[in-house]
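Have a look at the structure below before the remarks.
Think of it as A, B and C in the order they're written, each chain with its own count starting at 1.
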């Protein structure tokens, strides 16, 4: 396995295709029902990404129902992009129900750091044991308590610079952390996998990061080593996104081609 | 007319193209303004489907305005996919105003059966006289009071199995019921039409069912035999969806091709 | 410069490409972060339009955060398409914060005139000094206090007929007003620019007008003559929309092609 240069004490290992293929095969054998409490802007794209992969998305938002549904779903996504009080109440109800029956839930801490209300809320959520967290470098650094310079919606830090913060966060919160950027790093605090691929064009399409978090939630429903499953989610999205970007004219035609690519995903190859 | 095999006392009749063509012609002569109180995930796709067909969608959500607008619109859609208390209040205000002036309204009982809050709400809505109801087999069975095994978002029952429930529901609520699935059945309790077509690919795109309900609402604005108009809505969506599915690479490219197909819809043919 | 026929006292001048090119160049040198408080139906398309052009969209909706974020953003969009009480509170908080630090904000008065709640709210917003207003003829006439015959979502008046109302509104509110239609007119009360282009197909895609308002907000962040910047926003959307409409099969394929066109926008030419 090729190593990626790094200044941390653990050397990231390029995530092997064999592990990704095994995880994807498991995913297809048991396509999960994913309860998505996500932001207003990306709900349709998120649902379409999950459907393309063969999973079953559902958005149930009234607090009582959100709790009832989280207990039935195979996993739960919490994305705080357009957080407001009523939705925060639904999220807490859903997480509480999920934790009671053991439904794994995943946190996407959108824009944490720059904005006070959501930053406080995300720190409160950290105590409720997400099984995985997916964010960009600025978000992961902010969530781990390290100051950053972003305005909350753009990441001014690289994923590698955030790796120490990610490892610390993973260790303290006993979770898997995925920092995504030009290279993605996925860590449980001890082990670190790197995922390459993707394309800058993906930053010109709203919701690619949010949809990845939904895919992370979907793969978090699987039995076995969750670090591998989360890395597989990153790998799939990077590979298909990178391939598709090479043959489209822009971000508009990227969207249908990307969904088609996820639908047609047969093999994983670097 | 060809008959479809069935185990109910009434034999479904394949919905004739001549009736569909007449209904479509009437639709084009008087394109309706449709007030859509629908779920968060599918609003954009729903609006684009109605616009492609030449109708005028509008989403007006504040309770007072929703009531004011329902009285101006040609029909009203109520879809409870992401129901919450504030939106439920808007729906009740809109329905009440619609009923006062005779604006026809249509119910899409998304995921009724598996979830308590919406199931209670949907049963309350039934008393407010929707002119049509569009759902999958599990939803229609749940709404008619028959137990089902779904988790609320996926239909585990076939549309044919739900036909007795649909007929009972249509008779009791004096409405038209459309059960959609591999074959769609549309009934007013006495007569039953079958609509074939469509494609499994449509289940991999979020909002195809919800958009159909909006089209049912649009066609419910027409004068004449509502059973024919609702069947025409189902027929159009199945035919265009089925044709488009044959020539696209996946669910991503289905979306633009489907909207183009609705826009270009000239003739109806099996 | 070619003149456009008109019955007002000021002769509209076709907006020159040289001014549009200069404004676009400035836009690219300093791509703005745009805070969008817009309607539920068009959020994803709006974000994708801004991203395609190289701007940074963000939707932050909780009142306290919306205020905090407006002070960081380069401009703010207020679109009242799906206004409700909670969102109105967020809008007022965001506008107040924007005004305190000098963040320019833009109003899209969707469906004002036909509906009471939003019409009252829009008139309240007028006093809070938007730097630009973008609407169709019916909306601009209603906002200026002139009666119209629309149902609020469709414009039954032509943009030229609304030009006197637009000039009066621009003068009284000390703002730039863009009336869009077959021909767009952009005025600061004294000067009037006309922008041609576009295509009727754009009225069959939800959110083209709303996305234009977001682009107006983005261009309003630029230093210099705001009338030129707002006209440039209209010019870009009309030109790309018109070009794309010629080579697509319908409104479905318009969407990806339009986003690609904005992304590839190199030169402006009539």
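Here is the rule we use: a residue touches a chain if its C-beta (ideal position, glycine included) is under 8 Å from a C-beta of that chain, and two chains touch if they have at least 3 such contacts.
Computed from a prediction, not measured in an experiment: that's the story for all the values here.
Asks: What graph shape do the protein chains here make by touch: line, ring, star, complete or other?
Replies: Graph shape here is complete: every pair of chains touches.
Asks: For chain A versus chain B, which are copies of one sequence, does the interface use mostly the same residue numbers on each side, meaning over half shared, or is it different?
Replies: Counting shared over all numbers used gives less than one half: different.
Asks: For chain A versus chain B, what separation do you get between their C-alpha means, in angstrom?
Replies: 34
Asks: At which residue positions does chain C touch at least two other chains?
Replies: Residue numbers touching two or more other chains: 40, 44, 86, 255-256.
Asks: Where on chain B is chain A touching in the complex?
Replies: Contacts found on chain B: 39-42, 44-45, 81-86, 111, 114-118, 151-154, 203-207, 248-256.
Asks: Any idea which chain B residues touch chain C in the complex?
Replies: Touching chain C: residues 33, 40, 43-44, 47-48, 51-52, 54, 56-62, 64-65, 68-69, 72, 86, 90, 255-264 of chain B.
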